[in-house]
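Several structures are given next for inspection.
Two complexes, one shared chain (chain A), two partners (chain B, chain C).
And then the complex of A and B:
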């Protein structure tokens, strides 16, 4: 345990920070510690959580992906056309949406590796392309996403079971320990555990960390550098598409909002840093970035329960985030060699 | 019982009771309360009625984007109106948050206020769609949700706005009337449009052009896009003057300070100009109307927030309310501008002059808002 904390100091600091922030929020909330509040918070977290996960993978390489917000928007616009009809059609629509995102990420990866461009420049350009495509398929906000799907996925497990009528409408005894868990949290952490954790243990996954830590050493060790880079950007596209898919379900629509796409890209970088992942690469992980996104959201929760001048809120949010980032990332910025963090 | 079981039972009880009381507004027939203030959009507008609640009420304003003069003025107006003697006693708690252009954050904030037990939530929607879930939750909990300014594409909630088509028509007809009075019955008109793809720009421009088409004069309309922004407008108007030489009138739907500045810089003779309600534009009309700047100024008022708050309180008191409320257009022409009343020579140019809606009892003037610091002390 002590060793784990020593190895993951950034993550541990972020965890403590979040726990403190979130616990006091519930204490002050008139309906604190209730399922309704948890469900609401979880819904707000998912899109930014997924986009933060997406940003993490290229950051681990030592690069930045400026297209994640745009890919999320593109995926949401695609999904807004496809998530209606029979369950089979909806499922197919979901797969198609995720494929669009992963495909876009793959394209990013190929451009970075074979076009030999800096990721930050390449993705700045492809991000504009993604927004352009999104505007093309959704010039005006709209869409028709299945209403049951919206209700079931943005609620607790109980409502999910009730909507689709399984486990005796949510009353089955075996389901009772889980009824209060918000479905969005299951989706977010489920994807992280089922996709990221196994991937991290593969040679390709390890290579991503190795590149961020010491690219020359990784190359000299014969690691598959090109494959890892392409995989990292593909995975980023996939996670961003997960965010877009959920956004479309949550809002029942697609909206090619350029400003929102930009805000999500910037916030994703903030979340990655808050989670303790170093912008120089080599250390951190996507679960930590979800935690970073949670801190980011938790700060804004306070404006709803405290009386703070509305025109001062952005300033206060900025100061709190700066303090949090400094606290979490202080050590990561200070070291000369990323490997020192693993001693 | 174990805590977990208690939680489960409680949440189930909440869900069941909410389901049983399947609430939300009833569709009733009009007329509604205070029709001089809460005018229905059309004759076909339906009326909504919520069960009456005991005051005082908890009210929240969930703004999206913040960072231009209009939004800042809107936030200040909301705070000033909450302190107004006519409503102060009816409001027990009042909060304003800005979520930025982030749909999940705005939806989350609305849902959070519903969870906190707020009675009414006023919002400027960041997108015209996507609010199904919060509308459903608001109905379940008998919360009055009032989008205004950027309204939603739905007839399930009460909304407050100004009629953009009527505004465009008024601009067009006034300018043509002035030109007619000057004996001009044909020539070049410059139209300055707003943010492309926005429904407000679409409606205003369509109404302006319809009014021009309906006139029997021989008009050539040149359209430029100024994004409702002073700087952009100044540039595109200057470009248009450089290319076309001279215009007989300018009809802008925003960035009016830029129109005036471009005309002045180019040495263009003063002509009739239609524009928004910026203080600088009204100052210019007052100064140069004798030289030919026969201006009309109509504004999308930041004071709409106060009308929306008033409508929410009226709905909570159990009055039937129009589903879509059309707020009277605040119009001022060169004939009725007076310093200190509908413009202020000592206030900045980019301040939006129209804030008052006398039929609604909303009487917060420009200087009063500028004095509102927004402190919570």
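And then the complex of A and C:
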């Protein structure tokens, strides 16, 4: 345990920060500690959570992916055409949406590896392409998403069971400990645990960390560098598409919103840093970035319960973000050997 | 040696930016032998092993393994063929654990995923083989000392089941005990029919370990012979193409009274320095000895203002305290320079030019009003290159294109540019060739004669004996012994390093 904290100081700091922020938010909220508030907050977390996960993978390599917000938008626009009809059709639509995102990420990876471009500039360009495609697919906001799906995935486990009539409509005894958990949280953490945690334990996954930490050493050790790079961007595209898919289900529409795409990309970087992942690569992880996204969201929740002029919101958010990032970077104050600051 | 060579190079040539690094090289080594590769700076040793291990592709010529021609596309291919290399620049990943690093390429797996428990067990086994049971497989490599990292590197190489093991300066940062472990391992490997290629600048290691020697000079293979066919003097002559008489410049007679340049009284920092007291006289070369990691590096860093939260009193010159940052250290009334042990990260900006590196610490000397004067800059750079005889095509070339010894000369030139009064040196001859070492020792003596004070840590006892006026030995963050003049002997230093009081010394 002590070792874990020592090796994951950034993550531990972020965890404490989030717990403090979110607990006091509930204390101040008139309906604090209720399922309704939890479900609402969880819903607002999912898209940015997925996009933060997406951003983390290229950051671990030591690069940035400026197309994650755009890929999310593209995926949402694709999903807004496909998530209606029979259950089989809906399932196919979901798979197609995720495939579009992963395919786009794959393209990013191929460009970075074989085009030998810096990730930041390559994805700036491909991000614009993704938005362009999204605008072609959805020139105007709109779309049809199955109503049951929307209801079931954006509420608590009880509502999910009731909608699809399993576990006796949510009244089965074994389900009771879980009925108040918001489905969006399960989707977010479930994806992280089922996709990221196993991936991290593959040679390709570990190579991503190795590249971010010491690329020369990774090469000299004979690690599959190109494969890891391509996989990292593909995974980023996949996670971004998960975010887009959820956004389409949540809002029942697709909207090729350029401004929103940009904001998601930038917030994803903030979330990654808040989670304690080093922008230079090598340390950190996807779960930490979800935590970073949770901190970002928790800050914005405060504007609802506190009477603050909406015009001041960006200013205050900026200051809070700066403070939070500094708090997570707190470790540098404890460094006694100043050379370690440059490692 | 009638059997087929395990690795054979025929007429291999390679050049970088028009400069020939290797030309017309034929080289062969055989299973079950320990084969030393000797040569000066830039003789092509590193290039040779990079070609054998698949990092570089030769421009012309062929490589054959066990008699059949191969074309490696990268280190992974070479590793598959059983060729494993321990690079001089460590190939470990700092942000991964020891276990992850040891099994980085072919980790044990369960259901397609890396099996962490098996990986740790395997690592413990390998670490035990190199007698490093004190290293925790779960620790991050970044938290290990340089010598431990090098041993982890050995464990990693062993874990790959090598047929050909290449050790490039593998012992440069090791403690005596580790070096002996490696000797033992190499004997075992030889018995198992492994071919070891051994690159070292320490002649006595080569003597002790190798059965065949190959000498390289200026990118060409000069000669290969069995051990004992040539005397040391002959080998050195083959390497540098000229006679070498004395390795170290003569020491001046011992002077009892010197004006103190630096005085430390009970210097403490964290748990690494536990009350170091010493006096460094003007014009003195004070050697620091001891096993690796006994606080030598921290002592030098503290004097250079890198460490925060030091305790104790430090007097520099007549009354200055401890510098609070490297900038203060180099610009104070008594200027201090630090030659770091790791020239690639702390000594040089590898991708900048030789000229930029040489003036990096003394930009104020070539600038007026914050603007750099190109005329003065050129003059300063020319002066630095001439003073240290740096062999470079042009000062505009990137420092990374130079050989190790010439890179170290650039570091020295950079710090001499500020005309330091006190020079701190942390293992300045690590991984460089005999010729350059001698030049560095001569320069140190000249500087001392000019009245500069030098505090000098070396992991090689011979250097302390040959070069220092006085030697202090650190053990567990304290000075345990001080030796002067004739009393500086290998036995005395070794005994003090192991903190054996009064037994030998």
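A few points about this structure:
Please note the rule applied: the second predicted complex is superposed on the first by the 329 of 343 C-alpha atoms of A that agree within 3 Å, B and C clash if a C-alpha of one lies under 4 Å from a C-alpha of the other, contacts with A are read in each partner's own complex, and residues count from 1 in each chain.
One rule holds for everything that comes next: contacts are C-beta pairs under 8 Å (C-beta built on N, C-alpha and C of every residue); 3 or more make two chains touch, one makes a residue touch a chain.
Predicted model, so just to flag it, every value in this text is computed and none were measured.
Once chain A of one complex is fitted onto chain A of the other, the partner contacts of A:41 are limited to chain B, with no touch recorded for chain C. Contact with neither chain B nor chain C is seen for A:24 once the two complexes are overlaid on the shared chain.
More residues of chain A lie in touch with B than with the remaining chain of the pair chain B and chain C.
By the touch criterion stated above, A:218 is placed in contact with chain C alone, chain B being left untouched.
Once the two complexes are laid over each other on the shared chain, residue contacts for A:202 go to chain C alone; chain B is not touched. Applying the stated contact rule after C-alpha superposition, one finds that A:251 touches chain B and leaves chain C untouched. Comparing which residues of chain A touch chain B with which touch chain C, the overlap is empty. Of all the residues in chain A, the ones that touch chain C in their complex are 3, 7, 198, 201-203, 206, 209-210, 212-214, 216-224, 282-283, 335-339, 343.
By the touch rule above, chain B contacts chain A in their complex via residues 4-5, 7-8, 10-12, 14-15, 60-61, 63, 65-66, 72, 75-76, 79, 95-105, 107-109, 111-113, 115-117, 126-133, 136, 153, 197, 374-376. Those residues of chain C that touch chain A in the shared complex are 54-55, 74-79, 85, 87, 89-96, 100, 104-105, 107, 112-114, 116, 138, 140, 142, 269-270, 298, 301, 306-309, 325, 346. Residue ranges on chain A touching chain B, taken from their complex, read 29-31, 34-37, 40-41, 43-44, 46-48, 139-143, 147, 150-151, 154, 156, 158-159, 176-177, 179-180, 247, 250-253, 255, 257, 259-260, 263-264, 297, 300-301, 303-305, 307-314.
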